[in-house]
Amino acid sequence: MTNSMNNVKAPLLAQIGALFPEVRLKKDRDREITFEVQPRDLHQVLTYLKNAGWRQLSMISCVDWIEDGQFELVYNVFDWTQGLRVLLSMKIDRGEAQAMTIINLFDGAMYYEREIHEFFGVVFLGNEDALKSLFLERWDDIPPLRKDFDSRAYSDKKYVKRFYDPVYGPQGGASFERS
Amino acid sequence: MQMNPVLTIALPLILAFTKIMYRRIANLFLVLGSLLNVLVVFFIKEGQYLMGGYAPPFGIVLQVDAYALYSLLVLNVLFAALTILVTKKAENLTSSSLIALAALNGLILTGDLFNLFVFLEIAAIAAIIIASSSKRYHHAFHYMVASIIGSTFYLLGLILLYKQYGTLNMAKMHELMLASPGGSSVAVILIFVGLAVEVKLMPFSGWVKGVLKNADEWIGPMIGAIYGGAMMIVMGRLFTDVFVVSPKVTLLLSILALVTLVGGEAAAYDSEKMREILLYSGVAQSGLEILLILNGYAALSFILILSNMMAKYVMFLLSGYIVNAAGTDVLGDLKGLFRSNPFLGFAFTAAGLSLAGLPLFVGFFIKLNILYNLMMSHSYWLPAIILITSLVEGIYMLRMILGLWQTGLEVQETGIQIISPSNIKTKYAVHAITLILSLAMVVFGLMPDYALDLAQKARGNAVADKPAMMIGMKGGPGQ
Amino acid sequence: MNIIHLILGLFLAGIAAYGIGRLKPAAASWLTLAASWAALLILFLGGDTLAGGNAWGLLAFKMTPLGWFFSMTLLFVYSTNTFFNLSVPAAPTRQAAYPMLYLISLASTIGVFSAENWLALFIFWEIVLWSSTFMIGFGKPGRGSIIYFGMSLLGSFMMLFAILVMGTAYQTFEVKGALMAAAQSPGPALLVFLLMLFSAMVKLGITPFHIWMPEAYHEAPDHFAPVLAGGLSKLGAFTALMVTSFLPASTLMAQPWQVRGLPLLTYILLTVSAVSIVIGTLMAIKQEDAKKLLAYSSVANSGYIMIGMLMGTPMSVSGALVHLLAHALATTVTFMVMAAVARQTGTTRMDELGGLLHRMPITFLAFLTAILSLVGLPPMLGFVSKWLILQSLASQGLFLVAAAAIFGSIGSLLYAFRILSTVFLGQLKPKHRQVREAPAVLLIPLLLLSGVTLVLGIYPYGLVQYTAKIENSLGFADTVQITGLSIQGNNGNLNALLIMGAFAIGFLIALGIFLKAPKSRKVDLMDTYTGGEFIYSPELYSYSTNFFAPLERVYAGLPEISRLYEALANRVRDLGTLVQYLFFSPLPSRTALLISVVTILLIWGEAI
Amino acid sequence: MPKKERPSRFHPVSHTMQTVEVPTEKISPQEQAEAWEKIAHYFRANSLWMLNYCTGCCAIELPLVMTSQYDMERLGMMPMATPRQADILLVTGYASLKTLRRLIYTYEQMGTPKYVVAFGPCAVNGGIYHDAYAVLNRLDLYLPVDLYIAGCMPKPEAVMNGFKRLIELIESGQATGWKDYERRFDWYKSNQLEAVGEVYIHDEFHE
Amino acid sequence: MNALQSIGTGLGMALFGWLLQTTISGVTRKVIARIQKRRGPVWYQNFRDIMKLLNKRSVTHGWAFDFGLLVALAGAIGTAMFMPVAGIVAFKGFDNFFMIIYLAALGVFGRALSSGSSGNPLATIGVMRGLTQNIGYKVPYMLLVIALISYYRTSSISEIVELQRVSGWSVLVMPLGFVVAFISLHGMLGKKPFDTYLAPAEIASGPLVEYGGKQLGILMIAHELSVFIEVSLFVNLFLGGGATLPEFLLKYAFIYILSSSLGAVMGRFRIEQVVRFYYKVPIALTIVQILMLAVMRGGVR
């Protein structure tokens, strides 16, 4: 698996291996490396990466593994000079869904965490602003992107449907009357 | 009832020494002495008075002409007023003040150059004692050093003159000088320097700042106004009635005077403290007066001396009281002071505006006539410089006055009473005197002809070739 | 009833006002009102042949048409402003002197305009100076009054020097005679001409000397600023017009120095006033405070007046005179409106105001007429004068000056809209919701002055006729002609009534269309198109700070002239410190050294 | 000069438009107004300005309609920047909950007479987003829709045809959605509040 | 010509101006459409737009909003009455240049006042940009016309037209001036490179944000009239103004369509670029032109 980034990846892998024993290489694609990280090591790894050149936090995304009752938070950092993207995947328990905030490392994380809180319900400790609503105005149900959220039921409950008689025709059908 | 002028000298001297016996009623002596003097001055007639029976060159001779009479009058009135105002402080200074009064009267009256030297010495010593009353001995010492050097130079000049002309009588000296003017310029310069120290001319006036910077309401008017005015009058007498000065020397001394004028105004513009501004403005004005004396505009210089004397008297007096009441004379902290005592404010403003030369005040007509006469003798650049310096003076004077009035909306009143209501007596006295003087300024401003004719009469005859064309309210010659 | 009685009466009224003011300030304001309106009436009835009265020594008076025109303008501004004093609660202890100073300055302005000899004129000129300085002192604390006094003193001392030069060289102080004599004999006439014009330029606020205007107008108290801005700057115009008409530059400069038919000297001064228009406009566009903006607009308008006078053709002089009146009326109204706004809202900073149109409609109307007149748009008097000046510029062919004049008139559209939209239009701030209309006592002068501007704008013929009479009295060969209802320019003529008629017809048609179409629905101010978003805070929803940002960026680097004067003042200060250090040191030894060294120098100097 | 009315397959001729014979010797103000209304209809029909408020994915069809191939300007239609100037409000595609608030606010800012044209099925019954948690399923409960244009992303020809149909409706005076909105204002308002809760939303971003 | 008759001709002139300009702008919309390879509206589309607007019931923001509008239309009508077209002059001898410019400026001020009072900051920004641009193109334009006036020694438009017929069009007198005047005209008409104050994308059609219904209709009438004034002024001053009506119409149409089609193919400047452009190129050309004129100090009369 010869890829052009060897001269960049090799030192990184060596360093990470040396510094963080528990961090395990999960996937090694051409321009992207994914690490498996424990919640308590997240901050150290991020700090190291930031100093090593990975200055931009592109994205924090969340995956809902409902079967094994876990959320997977993926931190996506990018280094413009070397062009290598590093993903840190971290699993947290789905029940009390908590994680440490990283806004002191990357200011940009504020809105990512707020969005994840709104759509998944993950509470980021140390970032009170993230508890406020972001996109959904006046939302009154469980966070919508959770796997156990039934969108159709909500739609049926909330929005008035248009009912058609089984016989489709110009006269019947569309309750289109307008007095 | 005709009185002999020597009384004005003798009386204060007698009282000065008899006072030692009666310690308790000392200030009574002072007030009595100065009032008596004023009385005497009213009954003096012009003429020459011989003392001690000797012929003029040897005996004491007193020269009393209109010039001396008016200066005596102004001097003694101001002195008497000052003694009435500042009785409490003046107690321990009674003798030295009376001596000072005697010396100053002597200076003006004497017709003999050596007598002049003697009176100069006595006046200097009295002034030093008065200056030291403000407990700043360092500055008093500085003043003493300067005046001693000055009087020694004066004495040196005197000796040279005596060697050359063999006489010390002013009138005789004048004739001899007219006959053979050559060779006497070194002596004249020395005498000029001698007096210049007292008259606060720039290079010689190092001591002025020390003495007047923190002068109280007694030293300020005394040294700043009365002494300055008296010495300037003596300078006027010497350099118009007695000496004939070669054009080159006049040019040199005029340059000196000009430097004083410009330097004094710039220094006043730069300073922030009220008394500093006043003393530098005094230095500058003395430069202007000497400039006029040297170039022969005697009448103009005389009226300028008198008006400056009065204005400085009022302003120094008030600044003394202000410092006592407010504790500081930095203009920044005195914002809005006059709002709580408007009448004193009015007096101070009238004096200030007259100094700056704004209309409806006597200062304006004096400046107008100075410029007019200078221009009549076809010199354009001198009036230009005088105008520029009076512009600078106008700005810093108005800045001070506006700061003190500070009637702005946002600034609340300071409420400091210049004269604490406790001593009502002095309060009314100060109000009365300052208002009279400033009203005099305004009245002479409205009808300046009386003052101008008076000056004309006093000095007109002295200098034949430069009769001053006076523009008064009645309209100048061009009308 | 002659001029001496008038002036003395006003002086005495002033002193009486001071006395009464100490007891009851309101009575003092009523007294000032009565006195100034009486003076206006006397002067109006007296006409320009009012007897001068026997000369009281130096102070001799003679009323000329020019003097009458100026006095009437000033008196009208002063007396309408007295209504203003009624509304201002003059604090008893502090402002008691204000009515006195007010009447004294009024009396001395009449004195200036009717003085027969230069000395009397100068005396009254200086009294106006220091009385107005103290009145500015009543306003906000700051360096405004000192800068005003310093610059004006510079101007008046220049005038004093010129007067004395005339007095000594031509042995007469008589106003007309001295200038005529100067015109005959070359001698120092050039010096007199320049110094007189410089002193006038200081008072009018032309470029090199205009730095005092923004500070002084900004810091003057609200009830004095209208008079200071509208009235007092006209003194400079008076002397400038007398000098340019009796001592025309053509006599001074030898024939070859001609530029487009004008002597080189006049051309240089024309360029200076043109520069003054450009600088006044550019600075006015940049200002954030309303009163400073209006101050710079006065700098620009004084430039127009100066151009009109300097060109010397009958049409341009009459244009200058009409513009003088138009500017006086308009600036007085604008400053009064700003005072009313400051009285109701507490500030004149433009970014804190907005939407006052809905709360103060009458004030807005008066302000609109004044702004139209300042910009020079048709129904108002400002248009007539700008038309006259531009016509004479075009016929003379002075392109550089014409370019500046055009730039000034279009630039005035810019800053007029800026002040109009930030103060009156735009969003009404919540804290101004309870603001009430200005009190009636303020509205009377506003409506009076803007009414006069409007009426004279529509029917200016009486006024232009009088300027022709003035031109005759100033010795102009031919004057501006008026036939029937049109002012005859040499390359086009103006019928103000016709223009107003056309505009009125257009307005009727527009009104017809407007009423015919379906009635539209009144909507709240905040209910505007916001790109679908909901905005609830009016403060964020108004555009008022650095209004003309793109234009300001183009001339951002313009050097300020006031820095030049500050540098000058600092040099004087440095000289002062040097002198203090050298000659006034506390060390006795140094004094001794100095005395001896100087004496030796003197003796040596005498020896060589 | 209105066109001959043709009962179209899609819309029944509304029963209200009977024409009543009236003696013509003096045109009463009511007739005069009506005659003028007819003329006004002609002008309104031939100078339709649409507010290009692109709510959903059908908006991508509009540039085609505007540019050289189909050129709606032939019909006198022009895109306008603000609701004040516009006559037609185009609801192109689905209307989510948040968008509905803005739609209502913009609709109320438009001058009358105004018309609403809905693109695609999403406005009719929610279309492919019928089960989404944020998308409304019936637009006509909240805004009076004058014309629906079928097609999940209607082709430009369909859009042009729809616009022509709208012009006919206006000329025949049938496009009276805005009158209906005024008449049944509270019914519409109650629907809106019930769906949206609060039209003028107050939250952290709008203070 | 007695007063009533001249006023009648004046009104007729205003009406004619409006009709002429509205038709020509309709035709121009077709020309622009052709440039963009599409069919474009019927020629009388603008009439239909205006009539539709006058029948719409829209919104008002207070009396100043409407008053400013009426002043704008009144200013436009008043100025149009004075405009000499093909020999017909409503008020003989009073149609001088400065009066026309200032009366038109009154219209501009009325529009600024009314859009300012709409309360929408977008409108104020739009007016700010319009005025900034106005100062950019008006100064060289008026300078040129003043040069013309001093060259022909008269500021009355109709006299200038007669003089041009005698001594040839002003284009020959001031070729550079003609170019600068055309650039300024382009700015005055608000065509594409210089329509920053109407920028629909940036500030939602600037001053016109809050206008709808009859307000917008009146504004469009006023706009058409002011375009008529500007273009006919340009034609009269620089192109000899047409002895007969068809000649005038031809020149008028040519200039307007040329300017609009130029606008159709250009992008929009930013406001700083507009101001900086107008202070460099036109001013320089004007000065060169004036120097040439001063050198060739002929003067016709």
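Each chain gets a letter, A, B, C, D and E, in the order it is written, and its residues are counted from 1.
Note that contacts are C-beta pairs under 8 Å (C-beta built on N, C-alpha and C of every residue); 3 or more make two chains touch, one makes a residue touch a chain.
This structure is a prediction, so every number in the text was calculated from the model and none was measured.
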{"item": "Those chains which touch chain C and also touch chain B", "value": "none"}
{"item": "Steps needed, at minimum, to go from chain C to chain E via contacts", "value": "1"}
{"item": "Most widely separated chain from chain B, with each centre as the mean of CA atoms", "value": "D"}
{"item": "Chain occupying the middle, per Cα centroid", "value": "C"}
{"item": "Pair joined by the larger number of C-beta contacts - A-D, D-E", "value": "D-E"}
{"item": "Chain B-chain D separation of Cα centroids, rounded to whole Å", "value": "98"}
{"item": "Interchain centroid distance [CA atoms averaged], chain D/chain E, Å", "value": "36"}
{"item": "Separation of mean Cα positions, chain E and chain A [Å, integer]", "value": "58"}
{"item": "Shared interface positions of chain B, touching two or more other chains", "value": "none"}
{"item": "Residues within chain E bordering two or more other chains", "value": "55-59, 204, 209-210, 213"}
{"item": "Where chain D touches two or more other chains at once, by residue number", "value": "82, 84, 101, 109, 111, 201"}
{"item": "Pairwise chain contacts, counting only pairs that touch as defined", "value": "A-D, B-C, C-D, C-E, D-E"}
{"item": "Chain E partner contacts - residues on chain D that touch it in the complex", "value": "40, 43-44, 46-47, 49, 67-69, 71, 73-74, 76, 80-82, 84-85, 87, 109-113"}
{"item": "Chain E contact footprint on chain C (complex, rising order)", "value": "355, 357-358, 361, 364, 368, 372, 375-379, 383, 386-387, 390-391, 393-397, 399, 402-403, 406-407, 410-411, 413-414, 416-418, 420-421, 424-427, 486, 489, 491-495, 498-499, 501-507, 509-511, 513-514, 516-523, 525-529, 531, 541-543, 547-548, 550-551, 553-554"}
{"item": "Touch list for chain D against partner chain C, complex", "value": "53, 82-84, 101-102, 105-106, 109, 111, 200-202, 206-207"}
{"item": "Interfacial residue positions of chain D with respect to chain A in the complex", "value": "9, 12, 97-98, 101, 124-126, 130-138, 140-141, 180, 191, 195, 197-198, 201, 203-204"}
{"item": "Complex interface listing, chain C residues touching chain D", "value": "520, 527, 529, 532-537"}
